[in-house]
Amino acid sequence: MRYLPHTEKDREKICADIGINNAQDLFHVIPEHIRKKAVLNLPPAKSELAVERYMQNIAKKNIAADDVSFFLGAGAYKHHIPASVDMIIQRSEFLTAYTPYQPEIAQGTLQYLFEFQTQCSRLMGMEMANASMYDGSTASAEAVLAAFRITRKNKAIISGNIHPQYRDVITNLCTVSGYKTQTLPPRFMNDEELLEVFDDDTAAIIVQNPDFFGHVNDFSTLAKIAHEKNALLIVCTTECVSLGLIKTPGEMGADIAVAEGQSIGNSLNFGGPYLGLYTTKKKYMRQTPGRLCGKTVDSDGKTSYVLTLTAREQHIRREKATSNICTNSGLCTLAFSAHMSLLGQKGLHTLARINHAKAQKMYKSLSQIPKVTIYNSTFFNEFTIQLPANAADIVDRLLEDNIIAGLPVSRLIPDNPECNNLLLVCATEMTTDNDIAFFANKLQNIL
Amino acid sequence: MTEYYFSEEHEYIRKENEVFYMGISNFAQEQLGDIVFVELPDVGSTFKKGETIATVESVKAASDVYAPCDCTVVSINTTLEEKPETVNENAETNGWFMCLTINDETQLKELMSQDTYTNFIQNVS
Amino acid sequence: MLTSSSNINDGKAYKTFSGDKGLQHEEELIFSIGDINKTGVDFEQEDTYDDTFLQGLERQQPINLPGLSEPEAVRHYVRLSLNNYAIDTGIFPLGSCTMKHNPRLNEKIARLKGFSDIHPLQPISTVQGALQIMHELTEWLCEITGMHSIALSPKAGAHGELCGIMAIKEALRVRGDKRNIMLVAESAHGTNPSTAVLSGFTVHSIKANAKGTVSLASVKEAINDDVAGIMLTNPNTCGLFEPEIIAIAEAIHDCGGYFYCDGANLNAILGKAKIADLGVDAMHINLHKTFSTPHGGGGPGAGPVVLSERLAPYAPLPRIVKNDDNTYTLHEHADNSHTQQAFGRITAFHGQMGMFVRTLSYMLSHGCDGLRQISEDAVLNANYLRVHLEKTFGLPFDNKNIMHELLLDDRCLENTGITTLDFAKSLIDEGFHPMTVYFPLVVNGAMLIEPTESETRQSLDKFIQVMLALVDSAQKGEVDRFLNAPLYAPRKRIDETTAARKPILTHE
């Protein structure tokens, strides 16, 4: 077995030293009838070549985004990843390291986490960031739980324009923790309407920007309303490339801002692993979930980094911890951070502008199709269109032309007939002008 | 006139000129090691004896501090926000956590005097 | 016995002009290396756009992030990497963490575009291979554990715990039961009590007995009508198989509760015990431990939860169903018979696909015999360490039946003035990553050592020699070696107190 270094002779020597006949003797503490039943009805070992062939055959049954004209976003985005990013995350010393609990021999991981926290803070326009959550949806739920701890109130308001799966994750976690949630209808609400949704129990309102349907919003007024009611504004972002161009949560007055970080440095991976960004104001530092990396010195006075404020965390505070999270998204944060280091402000701004320009180009093409109505007045790189027929059916039809045309909104909101004809479409720097023309042409033909 | 009253959980109440200061004993801070943060309650909040009134964090531990008697928080020691090490340096003087009002001073009699506490911690260690 | 020069600073070292030392470079932050006007990513010519759709919604403040050219970025991260210890560097005996070799084949396969370049919301017909992977993974993990079904979506171990405890809570809710107490072993990982409280339960801690295990008597004593369940790790965090686990499970079931098993230590019992036969109702499996998906400096992980038949209806969404025609369906909503009792979602999308691919590849490579061999070798290695260390260190419990990890306490350091932490740091100087220290909480100055099956006998021998030599040195009073350790790491002892008193979390 290529991954197990012992020879039979090694095992014999080890058994002799232990004073046993064979390894079975070490398992006698497990009742015999349990051991007898533990036979694994599984295939025998395969060679590296055989495994590779087996897995390649399965991989071929999937259609890769790269092989079609691709217009799907809705919380996961296809962007280009520089080759050096994957090389960096495959460095043994990053890939096969553990959580940096021994900081003297983990400065590599700790320094990139410190850089990552700084990048996230600046990207979101916030004061501080943690060392990552699992993904955008769990980061959103954790943000709401933090708001309950901060305000000592027990109800959260969830915008109707938040990604439906994010809404479910937030609602579930709040409910199981004994808190209340109220979900608003999926539509624009003016200030007067929003003022009315707050009551004395409201700890926070969580909104998404750009929202699930692609609208770009300014939540500055909402921040003021929330603060007047002693509640927090939480802004969540599923497409963090947008922050290269649009107003940041910090500029709007958000108290906590979370995001899905996949767009920078991480592949689509069928939904995971991704990384959640969690940023907030310094005054809420001690209510932050998850790991935090801080700057300090060693006994020689050299600048060093270390996981800090760990007394918040489960391994120390146990049942009183701010979160149960332990393992987070280490290597995905490195991919994010390395890609962001390459981009810098200049690259990110350009990338964001290209995304917006591509989406505008797509807007212009699709808006010329007679039976298509565009739902958005604002957008970054995705928007929602109304089709004259069921969007899921149309997506299936376009698949025949090697087009993955976007997300039929009904896939995530199945119980609302108004959504049946809505299609959420996305363009990024990966989208070519030919893709857009081809898509518009085929869509027009179908309709 | 300064009097100290100690609990078995190593909190003290210091009565000084009719003001009640509360903190953790010198013995407690030694046990905790370098203190990095003290979480204090809101001024005006009231506690029953035995309820968690504050939390003390060292690098690798977080310990609850319990109200030694029924009390209301009148003020907190804001020095500790910037300088939590004050508790390590002067636990029973400058390192006080908060000032309290105590309605039922008879509860103090259930606590230990300085001498009794000194004996108590010798048995603990 | 190893010996070394008693003067470990033999005066030859001097400060370099550069501040660097041979292969070890001091590396600045990207904020010092990069430049606001530079970027390491080139783009095709920008398309033009107008401000119709962003009017007034543009970012006002600059992002203020420097860019690095590719050579600068690559050098930056390579230099940083050289300050890290990793499994690929040497033995990484962190107890309860299962730091085993990460086969590179799995990395190669996870990068096939058919796996890495597929979107979670693509039409189901275009991701049949992905669903097949998830289904095959389900079959393997259910066979290994003997359990009825699986929830794949949890993102890591603690998330899996949350999933399992939420399923228990939902099962109780459906039957109209308001039980609110969760029994948790004192030796449990911190995630157990934390998860239980997050899920709205009150934690009652169960103490370990003199043998380091949980006794049936202490569980029975704690059981009452409010007990919703128990969370136990098996083998436990002392490296011991819980001898009364079956009776404990029965007792919990008899009182109407559920048995959650923390699967962190599954590596010890592959092919040796199916946890279903122990009476477990839910257990997360850390794919990043037992099935070697890389730890990546703290993640990502994956924590699928296997469920008993009685908890199966309460698994979260989504669920995969294999149809009669060998196609797969993904149920994403609780609107059909398969899923009507699901409590909803615990994450967006479907879980850590990248980890599922690596895990399946790992299991295919080992096959049924290889999986059993993993556990045998892991347990052999731990016991090899035990027989060579127990005389010098002593065992904290009167119990030699250890499985895959060895728990020691600090009695051999008594009266030396050296703590477990100092001892651990001295291992760094010797070229090893330290073991887990001060966990579990049930013994003083705990040192928990898990060698895993990946280590050779030669590697274990060297580790043993160094451990013994260090104890000898400590007992001879050579305290400098310990109190100043590490001297040969990229950094000396790090000031964690200042870091926590005056937190600096971002570069200003």
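A, B and C label the chains in the order they appear, each numbered from 1.
One rule holds in what follows: contacts are C-beta pairs under 8 Å (C-beta built on N, C-alpha and C of every residue); 3 or more make two chains touch, one makes a residue touch a chain.
Since the structure is predicted, the reported quantities are computational estimates derived from the model, not experimental observations.
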item	value
Chains linked by the largest number of contacting C-beta pairs	A-C
Geometric centre: closest chain by C-alpha means	C
Cα-centroid distance, chain A relative to chain B, in whole angstrom	44
Chain centre separation in whole Å, for chain C relative to chain B (CA means)	38
Mean-CA-position distance for chain C and chain A (Å)	20
Residues of chain B whose C-beta touches two or more other chains	36-37, 57, 59-60
Residues of chain C touching at least two other chains	496, 500
Contacts with two or more other chains, residues of chain A listed in rising order	309-311, 316-317, 320
Of all residues in chain C, those that touch chain B in their complex	438, 496-497, 500-501
Chain C-facing residues of chain B, complex	34, 36-37, 57, 59-60, 84-85
Residue numbers on chain A that touch chain B, as the complex places them	286, 309-311, 316-317, 320
